[in-house]
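Please go over the structures that come below.
Next, two complexes with subunit A in common: one pairs it with subunit B, the other with subunit C.
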Partner chain A sequence: MTLPARRRTPRADRIFVALMLAPSLLILAAFYLYPILSNVWFSLTDLSLLKLRRGGSYIGLANYAEALGGADFWRVVWNTAFWLTAVSVVVRLLLGMALALLLHSQALLRLRLRTLMRLALLVPWATPPIVAVAVWRWLLNPQAGGVNRALLWLGVIDQPVAFLASTATVWPAIVLILLWNTLPVVTLTLLAALQSVPQELGEAAALDGAGGVRIFRHVTLPHIMPTIAILSMLMVFWTFNNFAYVWLATGAGPGRYTDVLATEVYLRGFVDFNLGSSAAIGVIMAITMGTFGLIYVRVLGRRVTS
Partner chain B sequence: MHLVRALRATLVALALACGITAHATELTFRFNDPDVTQIRAALDVFEQQNPGIHVKLEQMGWGDAMSQFLREAAVGTGPDVLHVAFVWPKDMGAAGALLPLDKYMAASGGSGDYIAMDLATGRDGHVYAVPWTVDCWTMVYRTDLLQQAGITTFPKTWEELRAASLKIHQVTGKTGFGFPAGSAASNGIWFLVNYYWWNHGKPLVVNKPGGGFSAGLDQTDIAGAIRYFDDYFKQGDTPRSMLSVSNWGDPAIIEAMASGQQAIGIMPPANFKQIAAAWRARNPNGGDPPLTTAEVPTELATSVVNVGGRSLAINANTKDPDAAWKLVQFLESKPIFTDYYTSQLPARKSVLSTLKFPPGMQGYAQQLATARSWGPYADGPIPINTMWNATGRAFGSAFIGELSVDQASEQLLSVITKGLQ
Partner chain C sequence: MRPRARIGDGAVLLAAVATLVFLLYPAVVIFSGSLQTNETLFARNRFDLTWGNYRRIFDAGFGTYLSNSLVICLAATIVATVVSVMAAYVFSRRRFRLRRLLLTGVVAGQWFPWVVLVTPLFILFARSGLTNSYTGMILCYTAISIPFSVYLLLGYLETVPRELDEAALVDGCTPLGALWHVVLPVMLPGVVATATYAFLLCWTDYLLALALLTRPDMKTLPLGLYQFFGEDTTDWGAVMAGSAVATLPALLLFLPLQRWLVSGLTAGSVKQ
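Let's turn to the complex of A and B:
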């Protein structure tokens, strides 16, 4: 004999669900919501690092007006959006795809180099950004750097180039450092996606007379598109908010030529001691990325549905 | 029976251990220079002399030390004793982060024996730090390269320095005057341009006659300084790579001076010693290095630079201020400078006067005698960090052509005048 199941009312269900979710919601509120709201509040005050004990006074939207009205602000936004984010994400995707295809190819397998190449690829990824930047600063050094020596030896240049001090080379140099350190994660993610494409599809397309390029375009790419889309979004988030590469490589210089939003947050907060203004830039960054994420996901969602 | 005895013995041992722990004092000393091994050796001696006090040594780079400590102090943590730049105590004292040391200073003979005591005193009149080490920048040059270029006496004015640098480059092919021109927040050009302005009789910040502060120079003066230093890059006697060098002790400068690739530099004594040591390592039987010092060029009767240095301060949150003060007193004693922290000069006049400047370093002795304090820069309403950063950015932007000289000078003057209002 089985006992009849006790039926809970919808209200009791809701209470049960709320109770089960409460611990997670509390943790989210304590570690995400509270800091976000605090930061928004700080951005509306004149809080200074020198007056932390006293706190700041409410000044309305003055920090936002000052930031958005500044002559340099839009140049800083351009540096962040174009050089740091767009260029580096696109280059990493293209190179990451090329490397992933190489690692996935039968040629490396035949040469018994596949495992070695995959291991070698992990080395830059395992290097902490501070070490990567320190090594590259030394390699790009005009006096003793390996890059200058190699280019001089090859006859590409006749004078050493100060890569991190010249407006023509400083951004490409930063993108190069970023690329070296973070390309492996892009390559390995795309490689994993490539490995999930059923081999029979490619073989069937080949039987129908499709060449390598057409197979890639019409069979492989549509299969790995969701991975590329999510990877692109994550890379945009990681890079747009990144502080370490620019700060360690150039300190936002020469002049303010490589100043980005993240370095601006640091400069305002910990050099000028103006935490309110720094928080306002942080909120602007969060709103920008939130809006980008929302639009991206909606557009992506529509495409997946269609 | 045995069990009871063992339990008793354990209880007695625990009680003793607790007693010992309760009486032991644990201090943390945060030190920001590279001489960590030497300072640890000195602290071991302190621990032997004071058996109840254990000192943990922490190291932190100068770049983040101030903001890091302010954040810690605001929430009741941080090291007990800390190493601070001369110009920090006023702001840190106003933030409530440092312990006023008036009673300790009074009990130990007052503050008359210290150089730059004005910088250790807060805006409220309390003493917040004890000057520990003192230094100043001066010109350092390779005698062999100047000789090769036919320069017999070191330049006395800024224009003579300009001409000498160019001549050295033209005759020897080496760098003439190599200076850190990078724009990082704690850049070296800040010191150099202030010396240029001071030695033209035009400080960036001055006291107003009726009280308050104002800019002591105008846009033309700033533009003049930018053009003067930019000319070194334009004529090529200073390599453009110096635009990525912000630190005066950068290997690019130390190495170039030690190897004879650069003739003239400007730096504090610790870096002079580094170059001399690097030269000796390359020339073990070469005698004294072809390196000496001279006063910074001036258009005035006496050459002026700032009295630089470091102080020791005590965290307002320390649990044992007496022990912390004991450590401060130990660290400023003479043996520290003769046996351990030999790269620095003491800020106590009585100790400094007993030390001899090694050969080649006489320029530091002369320069220290006429050096000035940051004075109104430190007393005024703009944090020195802000002016320092803004100056480096303005000069850097003009050097690379991101801004015109006029735009850069206008931008810097605007930061200063707005801040002083």
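Let's turn to the complex of A and C:
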């Protein structure tokens, strides 16, 4: 695209572009590019946290071989890909959609609950994840937690359950915390998309005799698909890479049962002091998300690079 | 009203009430718990109103953590927003060599797990004396905010007609003048929303603070909050009070800004 004003020389404009980009690019070079490149180097060494001064010696791909060969690693990959990411994203999308439809419904407006609901959604949304984990650790605790009290009262369980300490319940409990904290942003984004669907489309389909479900499938859903796609991608990035939810809720426990890639990087580096092998896991993580992101740009990329 | 509609309304009412309880109950627990003594937290049907939890956490240094968090996050938010607006503007309005590569590189920053940055930054900070410094944390938080900020701002810039700044240039504005006097006022809601997201990103970070801040007097709120969780016993009253203090600024930002915040996330996804 050429600009109509051409009193300024192209050279002056090039300098302008360079000066505008320089601060961001310099900061990102120092705090993203440099760390990523040194991480790649660390991953090829036996660098240890205890011998930082000595530095590490080059050991080739041994760290990767060790990581990819271990059964534990694949359990960690499964935890990250399935429990932390896939399950939580699908659950949030489905419940977010249901809640958005509820908020969009005439019935809720008739009951004068729409504004209250919107305000209520702000509360979990504004709650920092660190606080969300803290309060759910209280609610799920076996001594006096509200969840245990409610389930005991309802007769669902006979005795208190330590939700975050038992392998049977710990993953659903972590997903519940994620759900509570991030359901609002999913719901409100989907609601905004629903509200952008032209009313005439649905009305025309209704005149042609289409029922509610068919209108949703053939009119509403195609219209809000781009929003769902972008939202899903953002959620995948936010959760796959997330350290705080799992670390603060369980410390990757019980044992290392809920260990995910982000906590594994931290555990190997700062608990086992093995920075080289920690870096290798980090590189594998970054490559996974980088590939995922590039596919995303290819498929939906007009948003990012148009 | 027809019976069927009445049954429908009943179901909607039930769903709405259940949702409201789910959304609000944890927050109620935080605020009511923060005003109870640790003994009554565990007891049924008893409630001893007290400010003791708040007094205890501020005696334990929560005031310092709060001011550390405010200084670091506000500074990082301002720097990140200014440099992101500059970058997003030329990415959106100019075509130049390497544009695609640089833009993908910047936006790709939000794909990368921060945990990957921890070890190299830990070593870099230790070598350059930035560990336990405001400068180091501010630069670090600026860096993690830039990718998402540029991404959001690009979406908002799409909604500002190009003709506006082109007309300003024809009228003799400098490029920077066109951005400052013409584009910025139109996209101000977007800039405010972007700054809010950046602030919250910094405000809630636990990981980088954990690695880069080791001195007690430099800790930020998230680190301060989690020191009340002990190996064996947890000071729940203090946790609740600390949680309330950490949530309040975020809630105050969200209430007036909610609509702007929602529109930004997928701003570019619905093409007119």
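Quick note on the criterion: the second predicted complex is superposed on the first by the 259 of 306 C-alpha atoms of A that agree within 3 Å, B and C clash if a C-alpha of one lies under 4 Å from a C-alpha of the other, contacts with A are read in each partner's own complex, and residues count from 1 in each chain.
The rule is simple: contacts are C-beta pairs under 8 Å (C-beta built on N, C-alpha and C of every residue); 3 or more make two chains touch, one makes a residue touch a chain.
Every value quoted in this text rests on a predicted model; they were computed, and no experiment measured them.
Set against each other, subunit B and subunit C differ in how many residues of subunit A they touch, and the higher count belongs to C. Of the two partner chains placed by superposition, only subunit C is touched by A:L139; subunit B is not. Using the contact criterion defined above for the overlaid structures, shared-chain residue A:S24 touches subunit C, although it does not reach subunit B. Contacts of A:V77 after superposition on the shared chain: neither subunit B nor subunit C is touched. Once the two complexes are laid over each other on the shared chain, residue contacts for A:L68 go to neither subunit B nor subunit C.
In the superposed model, A:P254 lies in contact with subunit B only, and not with subunit C. Legend: residue contacts after superposition of the two complexes on their common chain; A:F270 is shown touching both subunit B and subunit C.
Look at A:L52: by the touch rule set out above, it reaches both subunit B and subunit C. Common to the subunit B and subunit C interfaces on subunit A are residues 52, 143-144, 269-270. The residues of subunit A lying in touch with subunit B in their complex are 49-53, 141-144, 160, 162, 164-167, 250-257, 267, 269-273. Chain contact summary for the complex, subunit A toward subunit C: residues 1, 3-5, 8, 13-14, 16-17, 20-21, 23-25, 27-28, 30-32, 34-36, 38-39, 42, 52, 99, 102, 105, 107-108, 110-111, 113, 116-118, 120-132, 134-139, 143-144, 146, 180, 183-185, 188-189, 191-193, 196, 226-227, 229-231, 234, 237, 240-241, 243-244, 247-248, 261-262, 265-266, 269-270, 275, 278-279, 282-283, 285-286, 289-290, 292-293, 297, 302-305.
Subunit B makes touch with subunit A in their complex at residues 64, 67, 70-71, 74, 91, 94-96, 182-185, 239-244, 246, 252, 255-256, 261, 383, 385-386, 389, 392-403, 408.
Touching subunit A in their complex are the following residues of subunit C: 8-9, 12-13, 15-16, 19-20, 22-27, 29-30, 33, 41-42, 82-84, 86-87, 89-91, 94-96, 100, 102-121, 123-124, 126, 139-140, 142-144, 146-147, 150-151, 154-155, 166, 169-170, 175-176, 200, 203-204, 206-207, 211, 222, 225-226, 229, 236, 239-240, 242-243, 246-247, 250-251, 253-255, 258, 262-263, 265-266, 268-271.
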